[in-house]
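Next, two complexes with subunit A in common: one pairs it with subunit B, the other with subunit C.
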Partner chain A sequence: MKHDALSSRKLQKNDNTLLNNLVVAAVILITMAILKSSKFFSFTNFQSMAYQLPQYGLMAFAMALAMISGGIDLSIVGMANLSSMIAALMMIKLANLIPNQNLIIYVIIISCLIAILIGLLCGLLNGLLISKIGIPPILATLGSMQLFSGVSIILSKGNAINRLPPLYAKIGNYALFNIVPLPLLIFILLALSVSFMLNKSAYGIKLYMVGSNTKAAKFSGLHVDKIIIQTYCLAGILSSVSGLIMMSRLNSAKSDYGQQYTLQCLLIAILGGVNPQGGHGNISNVMIAILIFQFLSSSINMFPYFSNFYKLLIWGIVLLGVMIWNKYSKSR
Partner chain B sequence: MGKKRLGHEFYVFLAIVSLSLIIQARSGQFFTLNNIVDLMVSFIVPAIFAMCELIVIISGGMDVSFPAVASLSMFATTKILLSMNYTGNVFFAFLLSGSFGLIMGAINGALISIFNLPALIVTLGTQSIFMGILQGALNAQEIAEIPKVMFDFGNAKLFVATNPLNGLKSNMSSSILILFAVVIITYVFLHFTMWGRGVYAIGGDSNSAIRAGFKVKQIKFSIYCFVGIVAGIAGMTRVCMMQNCQPNNLIGMEMTVIAAVVLGGTSVKGGSGTIIGALLGTFLLTIISNSLLLLSIPTYWQSFFTGLIIIIGTGVTSFQLILSSHRLPSMRKSKNEA
Partner chain C sequence: MDTTPQTAEIILKASNIKKSFSGVVALDGVDLEIKKGEIHCLAGENGCGKSTLIKIISGVYGMDSGKIELNGHTYHKISPIDSIRNGVQVIYQDFSLFPNLSVMENLAYNTELAQKRTFVNWKRLRKIAEEAIRMIDFNIDLDQKVELLSIANRQQIAICRALINDAKLIIMDEPTTALTKKEVQNLFRIIKLLQVKGISILFVSHKIEEVFEISERLTILRNGKNVLACSTSEIDNQDFSYYMTGKKFEMSCYDPTIDYSATPILKVNNLSLKNGFNDISFSLYRGEILGITGLLGSGRTELALSLFGICPADSGSIELNGIDVKITSVFDAIQNGIGYVPDDRLTEGLFLDQAISDNIIVSNLENLSNKIGILDNKKRIAAIKEWLEKLSIKTSDPRDNVQTLSGGNQQRVVLSKWMSRNTAILILNGPTIGVDIGSKNEIHTILRSLAEKGMGILIISDDLPEVLTTCNRILIMKHGNLMGRLKSSDISELELARECISN
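On to the complex of A and B.
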């Protein structure tokens, strides 16, 4: 379509987030090169970063999508835990049923597909509540977060679900050529497809239009409801994949894993230049923000006298600092 | 509009009555004196929080940092009073906690009003900072022994209710007087001062409020200061009532309080909301969390029910708005825009 030639890049021509973020990333890398060069720039460190990054990276994409549409999704972690919980329960149940242990790979595949379906349904619920019932996104997802984590608490009675088939953790920790972890591959694949959707597909351009001005989008004939529902479904799918990755990393599923990710994802999205009012932000910037976040997080871990709680403090300061910086750089 | 808001509170009231009748029918324990007193006691702290969140939401903002503010100020106050072996009036403890809250509220207010940043994201950030200070810098652990004045205040009771059937006793804590005071002060501020009209005006339409001559930045700043003070007092109340200081157990309360306030008919888009609605909403959620045991439902259902109530409660209000905008084409513009 000719219409699409007006790609999202045009909408954010005067956006210098990319440059800012590259500078920040460079500063962190240089600081670490001076302070802890041998420890930071080691293969093990980068590999452990590659293992940690995908789970919240996918959630950050989900958050960014919801924010581009002008909303917010607080239920990401709830969706991730619910879908991984259901996958875990199914795996254990089915693994006991099947006679031949060679079939266990199919059990895992089916369970994962069902988990993604659950993520889709959760996202659908969010989308319907927001578009058809008209609940403001923050409340709808606040309620559904309670609902989703409530369901996973009920399913597990609040306990962690352990004793997954060993093969599952093996798959999760598999690394291509012993270098590139499988979760990272999945992450890159999904990042590319989300980026493609936003920049090249009709859906993407419509999403930006809905986000920047819902009313104008409605009057120009877009099916706003449909786009919002699609967006939250996509967020649900991304969260459920991230839940599956989290489950393979921890080798268990629990209703309150990853509670801190909601704030982190919001921080990453804002760091990546996604406007909380909607309509702005792109995936490549969010991608760099994810990298910055991971660098920073791994750097903090290298100073043992920082307790883990200092991270909270630092995330908060970074979040506010970035918001204020964006405000000033925009008004100039 | 006035009629409509009244209607909403009536529905919440109806929900409370029917829920309590169901619980009574299932357990026979709901309308006993000691259960009512227990409910009131666990209602105190969420209701104080609801008052500050109410004002923020009316002004069109959203504050998720108040549990962190409360935790940090109550912990700091308890620590300070313990270190100086304080034996004076308990009033001083509340004053100190309130002032810590005020400082943190002022930080929120400054960020929100001066830099004009979205309140939700600012308070998410400051919440993280305050918790970081509390758990990282102060390395907060549970304080089992609180100063005697606070202990005595928490122990003080207005009366004791006894269940005639099983002899269970429940104390009506004097902390409920603090709740009364906070509610009255909030009521007076909201309804009898220019400041209160300003809060509603900013929530309705911030630009019009500027045109009408309200000093929007100052009012916004003072709203968050007020929230800080009230949160500090609520935290102190909590310590006195629990008889120990647990730095982490208020966390997560922000979501239920926001839900309670919105359930009571306060519009998240700002500009409308009543104290009685917020109190009824809080009471509804308190009943749910307190009565699962009476219904012999395992407590791990609580989160599920809370989520369900939030979705149904906000859904009913939002859906009514959509319906009314379909019914009245002339109103459509203003509703969609809001």
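On to the complex of A and C.
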């Protein structure tokens, strides 16, 4: 028997989530082309979308990874705020200590690295709670979400931390050739790396396997605990980068920034075909879901007479509609 | 055994049933006739249409053409309600019980719902449940949660539930798959009890011994067609296998020439595990297939799990090729070249919703990737192709989920997982559970050829004919102790069965 299917470049079968979501994205774009062509398809609009999207896009990846492993990560926003909070406090302290303001760039780099380390440690805590102690992911990360936010509140006494070095906001708003924003570059780079890891590395296959059946993974000799811990660490790192981007965009850090992102990211991941039972989902699909999300929220803002009261309503209708459609086209 | 007179009332008559699923013909003009109070067996390999036929009789699927006569009513279209009203009850393999509820609640809810009661009266519930279990002389604590019960007990509850719903025909879909020998005997006792009450049983199975032991008449399907319908007494084992598969099989013992003076590849010295087994010592030589048999609870599975590092032994030692090794985790076992094929293929052996290809390579990823863990796609595809071909796993697309494969092909995927790693010792717990006869023989052939190439194979099974034909030596375990060692050519099935049960 021949197995020609294997010779094709992709070793995984695509479901029709990708196609469906592309259609949804196209529908939104076409609608906007008809209704608000000049406003939507303007350079300013696309650039502002490019600035908005990375901060929750990275958290959506973090959520998707945790979900592929068969769990969930509710602490993404908590990790983002805690790590940006510590980075902000460090920047301000160190900036006052250094004699020469030309060294400020090193202060920023060190603070960012520390923030990423904090994200990693937060993820490690989640991973240990889930794998070694055996707390269900939804409870473990619900608890750690409170813990991380709590630490941020204590560190900041509940206030926003302002007066960051001006250079930091400058870096965050930098755009390559005045066109491509730096946060978007970071986002694309990380998206490609995560996608590569899932598709081309042994870790990727192991992650899908553990997500699909933990017991069989154990009987196949996979280090289940290690893979779970690695995954939550990765989610922590992605969240902390997202926190740093958020901090540069708002030019401050606060313990309750971006609270709405937790559930939004969950929705994006599910919209992107990540199976809440674990074992299924891929980054390119989640990427399209992130775009749909961004197109939609930018579009809604362009109809001032809808007012903010209608925003959630439209949101809910579109999301439910897309999920019902996905469900139907899958069962066909 | 055939005591039912030919003129007995016919309770179910299905004639010329046809059914296809999106162009694929599942049933092509099948007939089935069951008399009142008869134990009828429906046999056939996986995929022959047995399950489809049951689902048509119970109204789950509609039929494309044909008719069903139940208690004298003729149906060209039958709904689940029609079927139940005519006393047809199906006991599926998963029993459809509520695991989080008590035995009593499980038994009584159907009646309560049927009577459209709004309030719960615990006394009435208990009465219904008590009556139900009395019907088959079944002793059980009615307040026990169903999830805590053994498979055999759950099955009995499902039978009781069928009885309260006034069953005239009980269809049992492969009821013995997850039962031990003793539990099977108990099930047979219950079936005979039901027969005395005038209830007909349709026993769906592909296990030869059981079919011959319990059924009076049988119907064999192959590829969606009737191949035989007759009294069980009219045919023998050989005929049965032939009608099921359309092929002739020769059963011969495995009798290789073994060099017993060489260093054994596996030597187990005084291995003990608390609440598992005591003081087990044996050797496995190159080219041998060693069988370990015993009743459920004899410690055979625990021994296998210890050798594979899942529950490491408390004391004793394990030698591989004369070298002492410590096996305290699955990883240790795999690094030392030990592979394990679990008895529960669906939850322990396979990733059902993942690709066939990934299931094959999952335990071999370190050989297919470089130092930093990046996979080599060429090697990966080559490995997958190699094993699909070597074990002739039948699939049109290896990226399909494993659950799309038949039982026999699934088991080959589990085997390939270990063979692709050059495993030196393979432990198989119930290697052919839920696998049809044709595939069973092919799996045995694969195991023999592996042994001939020098792999040491340990088969743990309570399927005595399997142990006798595939293994060259047999160890018998009882209550955690090793009680007998013998050559399989020196003993008959009956003697082996006696050895296992005796004290």
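One rule holds in what follows: the second predicted complex is superposed on the first by the 298 of 332 C-alpha atoms of A that agree within 3 Å, B and C clash if a C-alpha of one lies under 4 Å from a C-alpha of the other, contacts with A are read in each partner's own complex, and residues count from 1 in each chain.
Everything that follows uses one rule, which is that a residue touches a chain if its C-beta (ideal position, glycine included) is under 8 Å from a C-beta of that chain, and two chains touch if they have at least 3 such contacts.
Computed from a prediction, not measured in an experiment: that's the story for all the values here.
When the two structures are aligned on the shared chain, A:Val151 is found in touch with subunit B, with no touch to subunit C. When the shared chain is aligned, subunit C comes close enough to touch A:His223, but subunit B does not. In the superposition on chain A, A:Lys215 makes contact with both subunit B and subunit C.
When both complexes are overlaid on chain A, the residue A:Leu139 reaches subunit B alone and has no touch with subunit C. Once the two complexes are overlaid on the shared chain, A:Met302 sits clear of subunit B and of subunit C alike.
When the two structures are aligned on the shared chain, A:His280 is found in touch with subunit C, with no touch to subunit B. Between subunit B and subunit C, the partner in contact with more residues of subunit A is B.
Overlap of the subunit B and subunit C contact sets on subunit A: residues 215. Taken together, the subunit C residues at the contact with subunit A in this complex read 310, 330-331, 333-334, 340, 342, 347-355, 357-358, 361-363, 365-366, 368-369, 373-375, 377, 380-381, 384-385, 388-389, 392, 394, 396-400, 417.
Subunit A makes touch with subunit C in their complex at residues 1, 3, 5-7, 11-13, 200-206, 208-209, 212-213, 215-223, 279-280. By the touch criterion stated above, subunit A contacts subunit B in their complex at residues 72, 129, 133-136, 138-140, 142-151, 153-154, 157-158, 215, 263, 266-267, 270, 276-277, 306-317, 319-320, 323-324, 327. Those residues of subunit B lying in contact with subunit A across their complex are 62, 111, 115-118, 120-122, 124-137, 139, 255, 258-259, 262, 268-269, 298, 300-308, 310-311, 314-315, 318-319, 321-322, 336-337.
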